[in-house]
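Can you keep this structure in mind? I'll have questions shortly.
Each chain gets a letter, A, B, C, D and E, in the order it is written, and its residues are counted from 1.
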Amino acid sequence: MTDPVYFIAIPLLTAFLLPLFGKIYKPLIGIIPGLVFAFTAYISFDLYFNLEPGKPVIVQMAGWAPPWGINLVFGEFSGLIVSLITFLAFLVWVYSYNFKKVGFDNSKKYFTLLMLMVAGSIGVVLTGDIFNMFVFLEITAISSYGLTAFYKGRDSAEAAFKFLLIGSLSSTFILLAILLLYKQTGTLNMAEIAIKSQAIDPKIKSIIAILFFVGFGIEAEMFPLNGWVPDAYSQAPGPVAASFASILAKSGIYALIRVFYTVLDVEGIFNLLLTAGLLTIIFAEFTAMRQTRLRRMLAYSSIGQMGLIMVAFSFNTKAGVFAGLFLMFNHAVIKTLLFLASGFLTYSTKQKKIRDLDGFGKIMPFTSLMFGLGAFAIVGLPPFSGFWGKLNMLTATADSNLYLVIALILVVAVVEIIYYFKVIGRLYFRERHEDVNIQKPTWNAVLAMSILALVIIGVGLYPDFITDYLAKATNELFDKAGYIKHVLPSLSLN
Amino acid sequence: MSSLVILILIIAGFALLSYFGHSINKTAGNIAVFAAAVLIPLYWFTRVDFSETVSFTISGFQMELGYNMYGKLFSLIVMILSPLALIYALGYMKDSKRTGTFYFSFLFSILGMTGILMSRDFISLFIFWEIMTWSSYLLVIFLGKDVEKTGIRYMVFSALGAYAMFMAIVIIHRNTGSMMLNDYFNAFGNFSTGTKFLTGILLMFGFALKSAVMPVHVWAPGAYSNTPMAYTSVFSGALSKMGVYGLGFVVINLFAHANLHFAGTILAWLGAVTAVLATFSAIFQDDAKKLLAYSSIAQLGYIVTGIGIGTELSIFAGLYLAVLHAAFKGVLFMAAGAVERQAGSTDMTEVTGLIRKMPLTFFASLVAIIALAGVPPLGGFVGKWMLYESLINNGNFLMVIMIFLSSTAAFLYSYKFLFGLFLGQEEPEFENVKEASPLMTIPMLLLSVFLMITGSFPGIVFKYIAEGMTDLGFHDVNWQMSVLTNAWGDSVNLQHVTLSIGVVFVVFLIFLTWKGYKKTYYVSTKDISSSGEVIKPEDNMTYSTDFYKPFERVLHPILKRKIEKYYDEFGEGIGALFDFMRRIYTGNGQTYAFYVIVFLVILLVFSKNIFGY
Amino acid sequence: MYNDKESQKIVDIIQNFARKHSLFVLAYGTGCGAIEIPPTMTSRYDAERFGIRGAATPRQADVLLITGYLATKTLKRVIRVYEQMQDPKYVMGFGSCAINGGMYWDSYNTINMLDKYIPVDVYINGCMPRPEAVIAGFVKLQKLIQEGKADGWDRYKKNLDEYRANQKKIITNWVMPDFNR
Amino acid sequence: MSENILHNEQKLLNLLEKKFLLKESRIIRAKRVEVKVEPKEVIPVLLYAKENSGYIHFAHMSCVDWIEDGEFEVVYILWHPEEKINLFVKTRVPRDNGSLPNIDFIWRQANTYEREIREMFGLRFEGLEGRKEFILEDWNNIPPMRRDFDTEAYVKEVFFHRLGREDAKDVREKIQERTDEELPDFAKKYSRD
Amino acid sequence: MEGIGYKILGALLTTLLAFTVGMFYAGFRRKIIARIQNRVGPPVYQNFLDVLKLLSKKTSVNHGIMQHLAPLWLITMSVSTLMFIPVLKDGLFFTNLNFSGDLIFLLYIMVFGPLGMALGAGQTGNPNSAIGVSRGLTQMVGFEIPWIMAIVALMIQYKTTSVTGLLDIQSQNGTWMMFSSPLAFIAALLAMPGMFRYAPFDIVGAPAELASGPISEFGGKYLSTMMTSGSIFAFVKLTLYVDLFMGGASNLIELVIKTFALYMYPVLWGAVSPRFRTEQAVRYFWGWPLFFGFAALIYAAF
């Protein structure tokens, strides 16, 4: 069995060594990250599929046993997310391997930052130590700032600055919360905190919860903390935006879930999450409808999806978590596809406006088809995977007796349909403008998008490909005692 | 493998085959389409086992496919109309671009409809419903720029309907723990009143929307008239019937059997109002396609009324009208398409006098219009008769009056359609117009023959309807081949009618033709008595603008309030609201940071309320 | 039997009886004679008692009344109307203008002899003829019909070339639908 | 007729004389003013009369064929509805190839008169639109209102004549015979002089 | 099948009767209007002469097949409708095919003719015809509504939808519908002049405006067929009214008296009326007649 520590160690290491490899032989800059991502993906899948039910793989760093040492927990829940992240990271690499043609030159920087971000995200997901989680989150965040500012333009810098501003607030809050937590419990190990948190004064616990909520909420694109998102998504390169949606946001929501489901025991937070999630959905989707730029529209749509995921997780039921995981999977896959496709669609247009895309269906048939497919999937039309996510989500909502929430989600879905189908209408059923020069997708981009599309259609036609894993992950998340037992065999929940 | 699954796979396969065939070259694609048009119904009629069921579990939801007789009735519509429309499309779309997309969407919408009718659970019903919706959406926006608004409107309203159903479905799942239709029907009686209404009304809304009932009909005129006519015949003829199909089992299986008749009554009223107002709108259209679109809405209004009343005869009438409507509206949309293709326009103020240029199309339209108007001795009369009698027997006198007003006013637009396109003066502009190709005329003529036969022998349709109604809980429905009987025992013998009309007609035809045969001259339509003025060939004297102006003046108080306007205003209001919301994202980093802080402070301040310590 | 001469005669008598007692009149109201038609039809003179009633269009009419002078421009329309009428059809010319041009005899745009252009069965003289004269004209026409002498329509067909030549002398730009003989 | 009575007429005349180069101008009698202008002055004069002097009503327009002078005289008659004055604007153009400006942008109804004059006299109006054929159909002789058009010859040639009125006198001769006669009393009452 | 011969004979006789009576009624109408206008008027048999004359026209003109068929639709409609209306309550010849007669059916078959006629008129290309058709159809929407209200009121009140059934009920009760359902009768009566298209509802033909409207281009044999059909149809309408509201008739004399009395009502109204405009006509029908129709329906239903 492979050691999960490689997930973090190898990308981190390679990230810093990449300039060196570049010095040796230039194409290595493109190839090495691919190898790393492929390797991480391989080992994550290897680990995940060989996981014994109910028995997470636990690694103790530097030989210290928890609660004193830092540990990594590769369970059914975290394993699933890590597999997803590594898989998508690999696809992002496939997409951007040939990036000179895609239009950005500074490959060293790009791959270094990307690998750092992936490593950080994996770290966030795997770690069993709350301070460690903070550290990884910082790695992720800082590399994201860099990626946002990648184009070095004025707008990119501004976006990155906004991201930095808000991100640092996030870090502050999380750090503050961790400090408070440490003060109260005297430990940083999540399992131990989970045991001890019941004893914390509810007032302080609530403050900790709020600080965590706001801190992780920023990463998870929660309303009204998501001001950075549209700018960052629209200014970053296409594959980066894709990885933001699929990797960064996922690690944020993972942290949120992990903290509130496992570590802290605060009931009220779920209502808060529900409210915040609903507000996120409403504001994001309605704002998305009035956008004129494709990327910004996708960004807001992404926020909306994150809101939906939050709502799903806020039910605190197995069905809800299952639906939330399904939605996470959908969002990661489909949004990645949409961002990747939009990368080529908006490649040549300066303004990146939606109206510049008139008639692209004829000149860029594959990319447009992929975009259309992604749009169909994300609004939840069968037979694509988005439908099953929505179905599970709504049944979970109904099981929680929240009929009004169903109505709201569906109304918002109508709004989603409006803006996505407007784009499709433009792509396929308008005459194209004169003098558009287009960038045909490179073969590797086609490959990446095709794989994503196949996943979408495959899951859409037969969702049972993934439902088992999702169900297992759900069970694991709810099995708090099991988590503690595995991480800290010595202790047990009273 | 089950024949049902094979049927689905065949249709999907043909859809892909047509798409890729057309991307190779036109002939290959057309052969694939033709094969689809022949083989799909062939398979359906010969190989499909209607007693078969397939069940499987996906994602924890049990699903089941299988025909019942009620679904089979509607499948019959789909399986007869769609192939004819496909064959028609081969002629109609001959010179179009992107035919691959067209046939792909076309066949996928057939797949959707076929799937809906064999679904026994809500999940597969919804899946197929959505497939049908998006494939038809692709066809609605097929013609491009001008129809973008129509397309969005169609999609939005379809989505509203579909999501209403979706909501009902999840609520049903929450209450029964099952997605099967039958479980729902059986459990319905045990639901709390709120759940009963919520699920029932939501389902009804979803289905009613597809059948274009009044307040939510606004998607229909644009969608029907802007879609390529080859598809509109299916769109209006078969696809809208999916709503009727759903309404049938919701209204009858749920409400009527739970003794909640008023839901059906409300639906029937909505249907009647739809019929009247849509008819009025149809009268004043200048575009033949728009006219037919509104007429479709009106006709669906009759059907919905019939279903909504919920008596044996009224449902029978509703279902019969559903079948007939598919046939005659199929013909009419095809005819409009043929005119559009051959003469270049369907604007009734421009196109005139095509009767001698396109006699077959005219004949088919004439038959269809007579059937539509419900004039004996063609099939439409049978449906109208049953509908009236059922309403009268039921004592719904106001509804009778509304339906009658609607169908009397329907003569106005029926006539306008024929007059506007085919009659009137023959213009030099249309001198070179030719009859449409046989690929287009043969489907029309086949359907019109069907309409003529049903005038005397409606029993051939009754048979399937009576079978289908057993699934709605009406066993032993009485029907005869050509005698109509109402609940009070009054009857009409259609054979007598046809015979009487036929004999008189033939006798006088012979007399009129034989009398002075050699001295009967044909003159051109420019040779009219116009106070001796010689009409120049380029002068068009046909009266076609503001054709029903006096009637418009009478109806002005009703017509000036357009429901679309309210929707548009609502949409604008929402848009303004969205714009207001958008302002929250100012694009300013400080503001965002400020939001974060404020949010934190608010949470901290209200933490007691949130966490309740 | 229908072709049999004797029976044809009987049929003719019956048909002519019907024709003479049912005259649908198309008044081509040129000139001042048009004003004489209303009194003829209304209660004082009541032409309806002879079975005379107005017809609105030439397709239904039997008698064409030319009630006064004919301008060259109008002649074209009159010919058109006449040719649109169904056989058998009769023409009555009113007043001196129709007979010989009357006071307009030397006008460059008024024809002088109506019967050169279309066959006239009965002329009524006067300037203008009073309703009594009009009715007298109708009675004369009825008599001619019964006798089978009101055969202007037949003459027109037989001598169409001659009529056409006269007509074309005035109507230089001849664009008219064909006349069915 | 005193100055005072013709005050309005004189005022108009003064104005026009000051403003335009008039060939001739006079007050015919009370309420009637006549000016003669060059063809190119027609539009300014009419416009001035309409816009500045209140002659808003275009009463009539006619043409006289002065075959002896080789000229057409076109008369525009305007009407002041408040002061009740008729203004006659006369202009002369050569018979052959003469042309006048089109004035139907000033008064739309002038269009009808112009078309009639164009058809009946063959006088050209610059920029006049509308179908060529107005009253006469298929006319390919010289315009019938020109005095060199011989009506009698035309009629004799084109129309048939019923026998029996060969001795009918020309109406014009009859009128000529009558000119020397004294007017009857009742007619004198309506005479202008 | 033994009665089939009688049936056919009866049908022929009925048609002949309807034709004769209708023609004489039209003649009477002209005579009466003439007398009202202080004229002598044409002889009563004038319409026969008109039809005969039109039939003996030597030539006919049509603009196409629909115009050729137009009079056919009309006469088919008139005669077929006649076949399904009991002219006399019982008896061998004049009961016709009423066993399959049904009011809804009658209402619909009565539209068959005008619609076909309208198609024929449309094909002529004459604008007057099209305007006439437009007016006629509009007016039809106007008068059909109170008329159907009256009929539905009867049907709901007496729980039968066939003419024979209503006749039987009148015989059993010994009273006429015009007394037992006066509101329905008033509504039907107010709608009746529209059906006859006499003044003030002669907006379809409108001689001075439209040059006889839809029939502008019809002459000769076509027009004669139309006149025949018109006279038969007038009889049909009158008989239907008599059957529905005046207890039917058991012999021909009774029938003639009743129908003639009824016929005088639109004729006399027309004789002294100018013409409505189309929208005025529709507004008229949707005014008081509609009110009485509603009243009749409410009376019938409760």
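One rule holds in what follows: a residue touches a chain if its C-beta (ideal position, glycine included) is under 8 Å from a C-beta of that chain, and two chains touch if they have at least 3 such contacts.
This structure is a prediction, so every number in the text was calculated from the model and none was measured.
S.K.: Using the contact definition stated above, find the chains touching both subunit A and subunit C.
M.R.: Both-contact set = B.
S.K.: Which chain lies the greatest distance away from subunit B when centres are computed from Cα atoms alone?
M.R.: Most distant chain from subunit B: D.
S.K.: Count the touching C-beta pairs: is A-B or C-E ahead?
M.R.: Result: the pair with more contacts is A-B.
S.K.: Would you identify the chain whose C-alpha centroid lies closest to the centroid of all protein C-alpha atoms displayed?
M.R.: B
S.K.: Based on mean C-alpha positions, I'd like to know which chain lies farthest from subunit A.
M.R.: Of all chains, C has its centre farthest from that of subunit A.
S.K.: Just the number, please: Cα centre separation of subunit C and subunit E in whole Å.
M.R.: The separation of the two C-alpha centroids amounts to 35 Å.
S.K.: Averaged over CA atoms, how far is the centre of subunit B from the centre of subunit D? Could you give it in whole Å?
M.R.: It comes to 69 Å between the two C-alpha centres.
S.K.: With chain centres defined as C-alpha means, what is the inter-centre distance between subunit C and subunit D in Å?
M.R.: The mean C-alpha positions of subunit C and subunit D differ by 40 Å.
S.K.: Give, as an integer number of Å, the spacing between the C-alpha centres of subunit E and subunit A.
M.R.: Taking the mean C-alpha position of each chain, the two centres sit 79 Å apart.
S.K.: Scan subunit B for residues touching two or more other chains and write them down.
M.R.: Only 519, 521, 523-524, 526-527, 529 qualify.
S.K.: Give me the residue numbers in subunit C that touch at least two other chains, ranges are fine.
M.R.: Residues 57, 59, 76, 84, 87, 180.
S.K.: Tell me, which residues of subunit D touch at least two other chains?
M.R.: Subunit D, residues with two or more chain partners: not present.
S.K.: Touching pairs of chains, all of them, please.
M.R.: So, checking each combination of chains, I get A-B, B-C, B-E, C-D, C-E as the touching pairs.
S.K.: Over in the complex, which subunit D residues touch subunit C? Could you list them?
M.R.: That would be residues 135-138, 140, 144, 149, 151-152, 154-155, 158-162, 164-165, 168, 170-171 of subunit D.
S.K.: Which residues of subunit C touch subunit D in their complex?
M.R.: It is residues 72-73, 76, 99-101, 105-109, 111-113, 116, 166, 169-173 of subunit C that touch subunit D.
S.K.: Please give the residue numbers of subunit B that touch subunit C in the complex, ascending.
M.R.: Touch list, subunit B to subunit C: 519, 521, 523-524, 526-527, 529, 531-534, 536.
S.K.: In their complex, what parts of subunit C are in touch with subunit B?
M.R.: Per the stated touch rule, the residues are 28, 57-59, 76-81, 84, 87, 175-177, 180.
S.K.: Within the complex, which stretch of subunit B touches subunit E?
M.R.: Spelled out, the residues of subunit B in touch with subunit E are 353, 355-356, 366, 370, 373-376, 381, 384-385, 388-389, 392, 395, 397-398, 400-401, 404-405, 408-409, 411-412, 414-415, 418-419, 423-426, 486, 488, 490-493, 496-497, 500-501, 504-505, 508-509, 512-513, 515-516, 519-530, 541-544, 547-551, 553-554.
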